[in-house]
Amino acid sequence: MTSSLDPDRLLPVDPETRAVARDLYGAVAEAPILSPHGHVPADLLLENRPFGDPAELFVGRDHYVTRLLHARGVSMTELGAGGSADPRRVWRTLADHWDAFAGTASAYWLRDELATVFDITDELEPSSADRIYDRISARLEEPAFRPRALFERFRIEVLATTDDPLDDLAAHAALRADTSFTGRVLPTFRPDRYLDPDAPGFAESVARLLEATGAPETFAGYLDALQQRRGHFLAQGAVSLDVGVTEPWTVDLGAAEAARLFDGVRRGAASPADRRSFRGHMLLQMARMSVEDGLVMTLHAGVLRNHSSRTFEAFGPDTGHDIPVATEYTRGLRPLLERYGLEPGFHLILFAVDETVYSRELAPLAGFYPSVYVGAPWWFLDAPDAMQRWRSAVTETAGFLRTSGFIDDTRAFLSIPARHDAARRADAAFLARYVREGRIGMAAAERIAHDLVDAVPRAAFKL
Amino acid sequence: MTSSLDPDRLLPVDPETRAVARDLYGAVAEAPILSPHGHVPADLLLENRPFGDPAELFVGRDHYVTRLLHARGVSMTELGAGGSADPRRVWRTLADHWDAFAGTASAYWLRDELATVFDITDELEPSSADRIYDRISARLEEPAFRPRALFERFRIEVLATTDDPLDDLAAHAALRADTSFTGRVLPTFRPDRYLDPDAPGFAESVARLLEATGAPETFAGYLDALQQRRGHFLAQGAVSLDVGVTEPWTVDLGAAEAARLFDGVRRGAASPADRRSFRGHMLLQMARMSVEDGLVMTLHAGVLRNHSSRTFEAFGPDTGHDIPVATEYTRGLRPLLERYGLEPGFHLILFAVDETVYSRELAPLAGFYPSVYVGAPWWFLDAPDAMQRWRSAVTETAGFLRTSGFIDDTRAFLSIPARHDAARRADAAFLARYVREGRIGMAAAERIAHDLVDAVPRAAFKL
Amino acid sequence: MTSSLDPDRLLPVDPETRAVARDLYGAVAEAPILSPHGHVPADLLLENRPFGDPAELFVGRDHYVTRLLHARGVSMTELGAGGSADPRRVWRTLADHWDAFAGTASAYWLRDELATVFDITDELEPSSADRIYDRISARLEEPAFRPRALFERFRIEVLATTDDPLDDLAAHAALRADTSFTGRVLPTFRPDRYLDPDAPGFAESVARLLEATGAPETFAGYLDALQQRRGHFLAQGAVSLDVGVTEPWTVDLGAAEAARLFDGVRRGAASPADRRSFRGHMLLQMARMSVEDGLVMTLHAGVLRNHSSRTFEAFGPDTGHDIPVATEYTRGLRPLLERYGLEPGFHLILFAVDETVYSRELAPLAGFYPSVYVGAPWWFLDAPDAMQRWRSAVTETAGFLRTSGFIDDTRAFLSIPARHDAARRADAAFLARYVREGRIGMAAAERIAHDLVDAVPRAAFKL
């Protein structure tokens, strides 16, 4: 069975509203993609090798997909985790369980990718699995399906990677030096393992950081080392750093107390409360450095990582069992905002997986602090219905211009256009409703739709 | 004034979407009812006596109705609680306050029941109250309105009751033995009073349990006794047990510590923290037994029972003042899921009255753990708008197949078809929107609509 | 560019549903305004002076507007806070940043006010700023734009102010005595500063209260003093008191313990826990007094005031950085409701800025306790989309009659009709959907639409 994509997908069902949305979407459908936060590695574009097989591309690397297969009873091992699996069998397994994906964001993206990137409109099902597999495989060998060719075809103007602070960023430098590639690929400073005493190997990470930078083994040296590495990232074009925490809790400590905690956490001798304080204080230190060096600070909060220890031990992190928890920003971020929230040029973008904070905390914060931006719907919430809920919860308090613009946050390079396209459709749908409800004029809606893919992310991320 | 039911009730307002929904609904409207969780007693069907008067049927037993009358200033006593009241006067009281019910789920169900079960389309109001009362009364004396006749007319294929672990389930056995009744009526193991040290009469309940099973007065004996009674339920056809807790919090204890807590809670000497630990550990023990015996474990969490002590003391439990609280599953269930979440064949269905957990916790958990299912909207949330919010919050992360199927959870036998019908309409409405938004093809929507009333509850509840 | 108001603004986009909504709205569009809670001072109407300049009117006094300008980087000083600013420049600043307001409730109200009060339909933008400024200024000098003339033109039947307990309410008395003014202007007792040990100047406030009433310096004297002042308010026509708290937490204390806490908090010697207990107990005392004197008790909970200390110190309170927090009513209000929740005639209206409590706590509480009413959407949530979410979350459990009716809660006198009109449109939109979904008949919807602007607020606020 074939099913071509509905050209009006995600647009409102009411005909007149759909017509308005179609106009709004049409004007931005082909706009260049700004992707200021994601997980595609720079090497992918530097090396420009053909992509692997369809299973690796659409299943193995995508923990949105593997988690739902796992929930259906498919073992991680069958999916190739912790070893290798026959890619064709993995693909067939996906086809066998494809009905479980109906209605999910993953299904939406995959159908879109197959149709728009590979020109495959066959419905995925057991009987079509092999045929689709073969067609994808054949395409992946064509030069037009190499990363750089797709980068151009996708009209990606800016792509941010996410990188370890000790990364030398050689791939980024090489890409910039390569005159045959004209895209902007920016590194992003992701310091979690050096900031969180509960991160695996924290003490070793800090030791490596100090050694690599030649900084003294003191708290001041540690801060210098971090600042130095941020400087390296800035020099290589970085515009932002990204911090991931379970709780967005901050604390403002004196230098002596911070130094005392630093000693404790390095020796593994700190209490849970001290480790929490250290972590919370380092968020504040990251903000301080951003005030100084201008890196936009993005905060992704509210996910309890590796919920299933048995799965983590067998297959490692990012295997589909990171589960959100209730999150509190108003009090938790207050120490940071008391100190830096009014600083000119400071940008703090708040991402959440707990929808309750949208109207209650994020929009009010971004509606007052010039530094605070409401991050686009993230992770589980990066999906069409969730996007409507997000805009509805945020807009009436904070408008459109205090938001971040869409981020795809993905390591699945081929899904980037589908994800941005979904966001553009969702925004067009939202704006069309406001137009039809007499709340925004059509001219304003057109301007906003354009800003949301252009001026808004450029401003929030200082692109 | 009469008002016949709108045949398109609960379907989307957009004409084209409504047409799609009508098709989807039409294909399942007459499908048999699977009711795997509810509170109708088996005796009702065994004895097959005529129902009582309209007031008893629609007011007295329905704390959804009595609570809102109470909120309007009608005393519990007037409604017959704690004694008797003239049923005709109770019914007139309902008619007097019927405008307060407009828009509620209760009003929807009652109108549907009057029209579809009793063929009464007069609007309930003071002037029609007596007439409607008389018509219902007359009908209730007809053989066609006895429980078994209605069971058949309602096309109920499976009906689960909820029973005390010490119940001998004689009614269930007698029903099965009765060749003149062909419906499946299954018991459900509801052990709360034997698990929760804060339940009234807990020590006495445990003593009765041990005595009835001849188990020794030790923690091991207590576990044996529970397992033995589960075995009895299994032998009588049970497919699930149901646990109700205020907080879904679990803890994994060693045998010695558990035994120590058992001694404490039996003697009434345990601290609040120890009582909480015991309760949380027994949830985990129930899961362990389910891994062993295969009973599906359903968890209804988040309601603070008997908020008004004065009302509880005068009129007992289930009198309309159980009030939800914020609920946390991600951390609370982790000890249980760490131990049993990946066990093949284990099913844990999570029901919530705190909507915030739908997208934040339940869908992500059910989207990874093969054991976890997202329970249908429950109690206050078993209503058309709330159902749309639930599907919207759950589907994009967990799809349709990781949910439980509808449960009516009711002791109001006559409302069962209205409730299932409402759920079918709500699902058709949701699916139609996804079809019209180009997210699901019509063939897939038709298959899903059917699965939601058939394969989905059969799989989740092992029917 | 001009843009006249859409006569169908805020009504549903589906044409047939819009037609139903238009009928429902039309029948109440011109109904008198009952404004039982707000912040317009009585002096405004007593003195009946011309309003000031457009900047003062639409920017300076409206922290909804100043906060979003501040978030755009405009300093409080530029906006006239803590001194004076050229009003024309302030107005131009608003025009410069007007695009940031698109989609917000503030933008909706301002456009409505300009069009319906001032007959100005030019779109606000830099090029039109001066022209609009001049037109407003000219109008403000006309007699028809004085407060009393507008009061009549707005068809305000009742307007409640919010007043300090020690206010002599002379303005209210003078207004009542003034035969040339026929509107009802009622005081509201707002005792926060005398109840909350953490309020600035608490001890001094209590001392002034005791001195003013001649009450002894004991806890009993303090309670007497409060009761006496409530009596004064009642004598001047007050129907309600209003309490604002961060957490709606109550505690029932014995007289000796309460007296001990009173001594502690007066001397500034109480611990945080004792201050919390005192505050929580005084909520309960306010309820007790309401049971006795009949004043409706409104509770506005869940906002952390003055998030940015630096802004508070420089510019004072109500400067746009009050930020909501997660709120808990079920357990927090239980001591109060255990004691007074069933008392005949007691009214407790609960307002929230945490949407999660709508379906989880407020609707279930109001669906049982005759004393509890669900307050209309408040503050950040007083906006069209948020209103739909609120009705959707509340109605299926509590119906329409257990709600408060709309409150505008504003100090912006000119925005009162726009706000009430938006609420009427939102309710018509909601009801129209229920009509079209076959859940409410048209006659019932018409009655409810009318009740929501008339019988409902009259009942809840005892008008």
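Going by the order they are written in, the chains are A, B and C; count residues from 1 in each one.
We adopt the following convention: a contact is a pair of C-beta atoms (placed from the backbone, for glycine too) under 8 Å apart; a residue touches a chain by one contact, two chains touch by 3 or more.
Fair warning: this is a prediction, and the values are worked out from it, not measured in the lab.
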item: Graph class of chain-chain contacts, one of line, ring, star, complete, other; value: complete
item: Angle of the C-alpha superposing rotation, subunit A to subunit B, to the nearest 5 degrees; value: 120
item: Classification of the subunit A:subunit C interface as same or different, half of numbers criterion; value: different
item: Centre-of-Cα separation between subunit C and subunit A, whole angstrom; value: 39
item: Multi-partner residues of subunit A (each touching 2 or more other chains); value: 14, 326, 356
item: Residues of subunit B that touch subunit C when the two form their complex; value: 1, 3, 5-6, 8-11, 13-15, 67-68, 70-73, 99-105, 107-108, 123, 304, 307-311, 320-326, 353-356, 380-381, 383-386, 389
item: Complex interface listing, subunit A residues touching subunit C; value: 12, 14, 16-17, 326, 328, 330-331, 334, 337-338, 341-342, 344, 356, 359-361, 363-370, 372, 392-393, 395-402, 433-434, 436-441, 443-444, 447-448
